[in-house]
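The same chain A turns up in both complexes below, where it pairs with chain B and then with chain C.
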Partner chain A sequence: MRSVQELLQQLHEIAANPRARTEQYLTEGKKIVLTAPVYTPEEIIHSMGLVPMGAWGGDMQLNESKRYFPAFICSIAQSIVELGIAGAYRGASAIVIPTLCDSLKVLVENFKYGVPAIPVVPMSWPQNRVPDFGKAFTKAGCERVIRDLENITGAKYSDGALRASIKVYNAHNAAMRRLSAVLRAHPEVGAAARSDCFKSAFFMLKEEHTALIAELCDALEAQGAGEAKTTPIYISGILADSPAFNALLDEAGLSIAGDDIAAQSRQYRTDAPEDSASPLDALAEKFANMNHCSVLYDPSKSRCAFIAEEAKAAGAKGVLLVLTKFCDPEEFDNPLIRRACEAAGLPVTIIEIDRQMVNYEQARTAIETFRDMLA
Partner chain B sequence: MITLGIDIGSTTSKCALLRDGTELLATSLVAAGIGTAGAERAVAEVFEKAGIAPGEAAASAVTGYGRHSWGRADYESSELSCHALGARFVFPEVRGIIDIGGQDAKVICLDAAGRMSSFLMNDKCAAGTGRFLDVMAGILQVPVSELGAEAAKSAAPAAISSTCTVFAESEVISQLSSGAAREDVIAGICRSVAVRTAGLAKRQPLASPLCMSGGVAANGAVRGYLSEELGMEILFSDLAQLFGALGAAKLAWQKAK
Partner chain C sequence: MAEEVKKKERPPVDPNSAKYKLGQIAAKAYSDAQAAKDRGEMVGWCSSNFPVEIPETLGLAVCYPENQAAGIAARGAGARLCDVSESDGYSNDICAYARISLAYAKIKDAPEQNMPQPDFLLCCNNICNCMIKWYENLAVELNIPLIMIDVPFNPDDTISDAEVAYVSAQFRAAVKQLEALTGKVWREERFKEVMESSCRTSRAWLAATAEAHWTPSPFNGFDLLNHMAVMVTARGKPEAVDAMETLLKEYRENHEKGTSTFRAEEKYRIMFEGIACWPWLRVTSNGMKSRGINMVTTIYADAFGFDYDSFEGMIKAYCLVPNAINLNLARDKRVKLCKANHVEGLLVHTNRSCKLWSGFMYEMSRQIGEACDIPVVSFDGDQADPRNFSEAQYDTRVQGLTEIMQARKEAV
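What follows is the complex of A and B.
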């Protein structure tokens, strides 16, 4: 069995260098399909023998993409186009972009113009995902993705292969849920390494990542409970992968007891049923069953109470809302989340982050003050 | 036990010396902040004023945006925690602190026992900060320390945007070219800072008594407009700009005793 450190180092290398993984898959003769945030139906891509590769942008200066976007828009969408223009996605056969927020809708069009070499496949999810007509809409959206990917890549779709891929993805979801629980008992792993564990999932075939995460969990459990003297917190937001941000948490002695980060645990909560009439019905059912997310329509905003309950159950002393600048869906939810958490006796602090951020001093002050407040 | 508190801000460096966490021995303020020799000068000055040797301080704590580059203090702490301690040192019952410094604004809420219950910092923007007043004072050729007194002469403050320093700068020039009285423009500028800060403060569950800290606290016009906007009395002390350093000295005493 490899050591925890060896496994974390491998996950770090994968998370920090997606290009190396892309080159490896391309060398193996595989075709890459980029998956933009959030909830791209990766199972379909995987079932067609293509490699889904996460495209959530990167921390960088935005220059060329500004030709296509207004100033006050999510920097995740902008940095995806910036990376595309810079050639970071070269070799990819297509990009699938879901349309769950206004910025992503804009991304669909701007990517076409900014990065013409990589065809765009939109995935239209319905707002009303639970009623039968909503599920039919989801199925139609998935069928469009299948048609476009068949035309672009030449790969073929089959129900049997999708059923098999759904099992692979459900197993990965379970592995990531286990990871979150195991890491809660091992605060010594730290926020930066925790982020690597989640981020690396975007750049690997899920069956490979599941195996790696299972090995890590086994190694951590074999070690026994960690003894780091940290203050456990719960974090919520879209992204929390910035090395500078995670270093601040580690330096402040704050450990992540649980998360509602879209790029981390939020995407792994719901499995697709394995006994549906058809695998596309299973994906529609999965989407209908998803909840507690800023970009999923929910008039009752059950997400707010959910976060407070999750944070309490995780033993968190407070909740840190990591707000991606100009993310309207998250901004709408934040006052309600704050209210729900404070009613549950959990102090809340919001820090705003951005893909273009180079100076984290204000964030450092907020995080250190939050630590002092929780002490 | 004598403890030293150092607050290295964006535009100024402040120090305070306390005996046994209760008796204020001396303070210093040097108009030079991060990346300058301001902090060294402030430290030398505070010991000189107190008439004691630096070696007599049993412990020290540093705060402010320049705290990480100081490297010689026994303890480090964020300026919000220190401002809260400093404010309670001067106003023992205080429940809320509005700190407007050189580059940002912060609102701190305390519970009845003085523990911080929540806080909020402004966006990364000069509007509503001391920097905004510096820029405007530069345009008007008025020392920033005199803005409050000039504003007090106004009967009808001019309308100045609270959204953006750059836009507000052109508004000020436009107001002046339209013949607006200088004192009305200055009052409008002070009101703009107050409106912006009140918007931030209203997001927090404010409780009385409330006080101001930071350099802008000395501007009576900003304090007055802020009080008006919030509908609450705002306590003021001549030590307001030194709350961070006072809190750091108090923190050093709490940790070292």
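What follows is the complex of A and C.
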């Protein structure tokens, strides 16, 4: 059995260097399909023998993308186009972009013109996703993705393969839920390594990632509970993968007891049923059952109470809202999340982060103050 | 001794004029809703591109928070209300209409434009998904039901059967929800009348705005910004039909008589792109008028012109509003307006409040400029937050546009 350190090192290398993984898959003769935030029907891509590769942008200075975006659009969307123009996605056959928020709608159009070499496959999810007519629209959206991918890549779709991929994805969801629970008992792993565990999932076939995460969880459990003296917190937001941000948490002695980060645990809460009439029905059912997310219609704002309950259950002493600048879905939710958490006795702090951020000193002050407040 | 300057008294507005009629309808939208509230009826707040045919057919009084926010901002209170919601933790990056509306839902009084508090909410996201978040928050803050028709952004050049089926089903579900909630009854005959009125109003509006093809234009494009309120709030009402047909008649008469509501020599004709800067309406208007620039067209002309001949046609019309369509279609609509109205320049409002409208505008305006062979200039502003606008930048940009248009004229 490999050591925890060895496994974390491998996950770090994968998370930090998606290009290496891309080259490896391309060398193996596989085709890459990029998947933009927040949700894409990855199971379909996987079932067609294609490799879904997460495209959530990167921490960088934006230059060329400014020809397409005004400054006040989320930097995730902008950096996806920046990376595309810079050739970071070379070799990718297509990009699937959902239109779940206004910045993603804009991304669909700007990517078409900014990165013409990579065809855009839009995924239209319904916001009224629970009634039958909503599920029918989800299915139609999935069928469109299948048609486009067949035309672009020449790969073929089959119900049988999708059923098998749904099992792969459900097993990965379970592995990631287990990971979150195991890491709660191992604060010594730290925020930076925790981020690597989640981020690496975007750059690997899920069956490979499941195996790696299972090995890590087994190794962690085998070495017994960690002894780090940290203050457990719960984090919520879209992204929390910046090395500088995670270093701040580690330096402040704050450990992540649980998260509602869109690029982390939010991806893995809901499984597709394995006994549906058809596998596309299963994906529609899965999407209908997804909830507690800022880009999914939530008229009762159940997300706010959910975060407070999750944070409490995880033993967190406070909630850190990691706000991606210019993300209005999160900006609308945050005042209500704060209220729900404070009513539950959980102190809340908000810090703004951005893909272009180079100076984290303001964030450091806020995080250190937060730590002192929780002490 | 200072000479006493007496203000010129304005002549009373002719009650048979379009201006009077349109003003009355816009004002009546608020007073009718208040009267309904006073009678104990349920009143709704409604997003601007929600199918107006639903509340109109059911006989439900609704108010439009976007119109209210624009009115509040135009009367100078945008910053005051934004401050209220920002104090509650809302980021100043959020749409200023939403910030004003959330503030109003809390303080429930703004002398600049009051309206009754809602008993239910009608939301449609064919303008933006920000609308969903805004109305979710209203529903929670006010603890009232929210009915939402989701019109997905269409990345394609055509509307799919799946989208028509999805939106149609939501339309019917919304009717059932409202019947159960309010006790009002849906009647197909009434629905047909409302559709007829809505289409007639829209046809008159589209025809009136198309009168700008004459040189000089028989109207000042800023008129459209005022008249748009009626298209938003009342296009299904018979009185709106009458008012818009009167407007069309007046514009035609203006052309025949060689007059215009643009009170200056029309030296240049431009398209204005984006929502108006309501807090700076006079400044933005004067910046053009003083240079002889008439804003002869805007996408508002198309945005609220819903003309269709069937239920499916109506659904498609709501799927085709300007912010719900891809860059190709959005560009083509604007190119058509620029060409039809002999536009010589494009002035783009990069609107801090509207991510969707501004988000692919750089590329689209480049393409419009190329397709129409016209100069394109943009300025930074905001539809309702006065803090996001610089008069000096606006003036410089408009001057730059003027100089390019002038040089082009001289080169001919």
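One rule holds in what follows: the second predicted complex is superposed on the first by the 375 of 375 C-alpha atoms of A that agree within 3 Å, B and C clash if a C-alpha of one lies under 4 Å from a C-alpha of the other, contacts with A are read in each partner's own complex, and residues count from 1 in each chain.
We adopt the following convention: a contact is a pair of C-beta atoms (placed from the backbone, for glycine too) under 8 Å apart; a residue touches a chain by one contact, two chains touch by 3 or more.
Every value quoted in this text rests on a predicted model; they were computed, and no experiment measured them.
Once chain A of one complex is fitted onto chain A of the other, the partner contacts of A:F69 are limited to chain C, with no touch recorded for chain B. By the touch criterion defined above, A:P347 lies against chain B but remains apart from chain C after alignment on the C-alpha atoms of chain A. Residue contacts after overlaying the shared chain place A:Q223 against neither chain B nor chain C. When the shared chain is aligned, no partner comes close enough to touch A:Q5: not chain B, not chain C. In the superposition on chain A, A:S103 contacts chain C only, with no contact to chain B. When the two complexes are superposed, the chain touching more residues of chain A, out of chain B and chain C, is C. Looking at the shared chain after the overlay, A:E368 reaches chain B, while chain C stays out of its contact range. Only residues 88-91, 93-95, 98, 125, 128-130, 132-134, 136-137, 139-140, 146, 148-150, 152-156, 160, 162-163, 165-166, 169-170, 173, 326-327, 350, 352, 355-356, 358-363 of chain C touch chain A when the two sit together in their complex. By the touch criterion given at the top, residues 342, 347-350, 352, 361-362, 364-366, 368-369, 372-373 of chain A touch chain B in their complex.
Those residues of chain B lying in contact with chain A across their complex are 65, 77-81, 104, 115-121, 123-124. For chain A in complex with chain C, the residues that touch the partner chain are 67-70, 72-73, 99-103, 105-106, 108-110, 112-114, 120, 122, 124-128, 131, 133-134, 136-137, 140-141, 144, 294-295, 297-301, 323, 325-326, 328-329, 331-336, 338.
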